[in-house]
């Protein structure tokens, strides 16, 4: 189905050539996710559990990297205090594109138990980072984190590489037309 | 001198012990549970969900009488309930378990990004409408998808119905005010 | 030098032959790197009773391909305050240094890229070339962790080169040659002719057998340190230095460091195989002998030592810096001196 | 082809050596020594002195260059201050250039005036044997004296290091 449709316009950005290349690139990125060793609070315990033998995060192709330069995604596992937020943002900015973020647990999603009176807590990590997947739970079960991981991989598989540039150019053009 | 050789021997020997242990583990059966294939809710899983597992909340709107106990019990205020009082003669349908209801529950929102899954709301609930389920797979790409409005989800009240009920209550209030003013 | 390369035999000594000969180890290296990465992931997983990559192909066997595809499209960051020319040059020097080692490795009696008669010395010399790449990368990153990692790596490699050199000296004495092919040929026959069992010779060698065995262990330990593998991976110890000398590297440049590390692993395994375990010789005399089986024996013997390195990595904890220096200067070096004297005596007695 | 390689190596040596001299950043100087040493090793190979070439790589690159870089890294404050060589003043520059020009002119004159004997060169199969014999017979005394000197230096260095 998908492959046959691509035969209509073989050299187009959706065509069999670029489309397949895009699929391959997306496949590589989704199957080889290196995560940053970055634990913040109690969610990090569950995160460690996912790393350990019973759940084995490496099944998804996730290898721990301690340097943000080599990591592909970061799991915000726990409460992000305002003091840590600076550091977290810096670590995220040090990561090489393409980079992804999984917000794990209530604290990372929206401040969690501290959302109302926590004077020291960032109310949701999406205030400073673009979060890709939100995993609810306080803390989430290890399986829930794995589901988040699978969702992230699905998202990466669906990404546009060649079409994105075209689409952005079109949007740009449309914006300019509107402006005039 | 004797200590030196003892030390060297100890270093080599302990390394060999360690290597024997790891090579032993290399050929053992692994303990990994392959999550999407082996689900913890299946009995085949290495451990099924414990009976007191605290996961996603579920609210049975047919059982909810809008008493707000759960919202008051919630330590993080992640439950927000809006109720509309019913006018006389237009009472909501009774609870599924048979109790009387005086309030239309027009909105029952639980923000699962804030919820700390402490289960206090389930204990506070007089009718047992709010319960902890074993469902944990509800990650999402969008934070606002995690705010569950159970009224909408279960379609217990349509928007028109809510508007109608609100209007009725407003009219009722007006009439009451008029009645309160007129006798003077 | 006298027995020709099979490529030369087939198409004569011309440019094409040289090109093919210089590319063959590269092809081997690419294939080996994929296998070794998968092996590292899987062996580490099995040792910890996990499964390792499972969701990329059947049993995750194409995981390394995904890694390569990923690393190819990662952003290539050069930090703003880094010293750009040196920062970009370092991975290439590192990789060139480890690839240079492949120039003299005899894969079979009929294939060695360059059959110089100083092969062993060449390997020792080229092994020290990578240090500069490490130091360059560590310094140019303008990051304190990188710099410390680079300095530690250099201190470690320089001090472990001395026991390694002692071992190689011993082998030179025992074989009377530095030519790798000649060294291997002296170990032909059954496996008790290997240098780890004292080389060929009469029954007198039984007395010296422990010494040659200790020599082998000394070289294995020293080679672990020279490739920065656990338990000697303090240059990239995650708990102290973020990732050591390659903290600031990302994308393809990091992949080159990674690749060079795996190439180094193979080179030291190949050296162990050549100088102690008879290179491409079959362990059972003429059984499965010959040049084509030679490749099989050589590669499988080398892979055993690659496996040993991976096995040790998931067994032993990281050494402290002072312990590292203790092991090198106070344990390996005296032991290698004693063994050198003993084995020289054996050569005289034979 | 060998001519081509010779010019390549010569270019590498001269280019990197001029970087060593001219660069204001000491680190650049130190690291370009790598290419100088390597190019010289290549030239040795072209002269069929493979043992000397490998010794060049091993001793100069693996030992001395590392020591130089270590020295530069550990003696100068790295943070905040650019590492610069301090010998680029005008007086030194002029003096040095005069000396260099004189030496260069005399060298060129020397090279052009000497009658070079072009001898048919026999490629030796191995150079180690002859080096070993030369060390143990003809040049035994210099060899031993150099060894004693190195030993003295080693002991002295240990003594200095132990004193603190």
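For clarity, chains are labelled A, B, C and D in written order, and residue numbers in each chain start from 1.
In this section, contacts are C-beta pairs under 8 Å (C-beta built on N, C-alpha and C of every residue); 3 or more make two chains touch, one makes a residue touch a chain.
It should be emphasised that the depicted structure is a prediction, and the values quoted were computed from it without experimental measurement.
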Hey, which pair has more contacts between C-betas, B-C or A-C?
-> A-C
In whole angstrom, how far does the Cα centroid of chain B sit from the Cα centroid of chain D?
-> 74
Averaging C-alpha coordinates per chain, one finds the centres of chain B and chain C separated by a number of Å equal to 56
For chain A paired with chain C, centre-to-centre distance based on mean C-alpha positions, whole Å | 37
When centres are defined as mean Cα positions, the distance from chain C to chain D in whole Å is 28
Hunt down the residues of chain C that sit against at least two other chains at once, touch-wise.
-> 45, 48-51, 54
What residues in chain D touch two or more of the other chains?
-> none
Where chain B touches two or more other chains simultaneously, the residues are 30-32, 34
Once you've mapped the touching chain pairs, tell me: line, ring, star, complete or other?
-> other
Listed in rising order, chain B residues that touch chain C in their complex are 4, 8, 11-12, 15, 18-19, 21-23, 25-32, 34
Contacts from chain C onto chain A in the complex sit at residues 41, 45, 48-56, 60, 63, 65-77, 238, 242-243, 246-251, 254
List of chain C residues in touch with chain B within their complex | 43, 45-51, 54, 217, 311-312, 314-316, 327, 330-331, 335
Which positions of chain A touch chain C when the two form their complex?
-> 24-25, 27-29, 31-32, 34, 37, 53, 56, 58-61, 63, 65-67, 69-70, 72, 96-98
In the complex of these two chains, what residues of chain C are touching chain D?
-> 1, 83, 85-86, 93, 116-118, 121-122, 124-129, 131-132, 135-136, 139, 147, 151, 154, 158, 161, 178
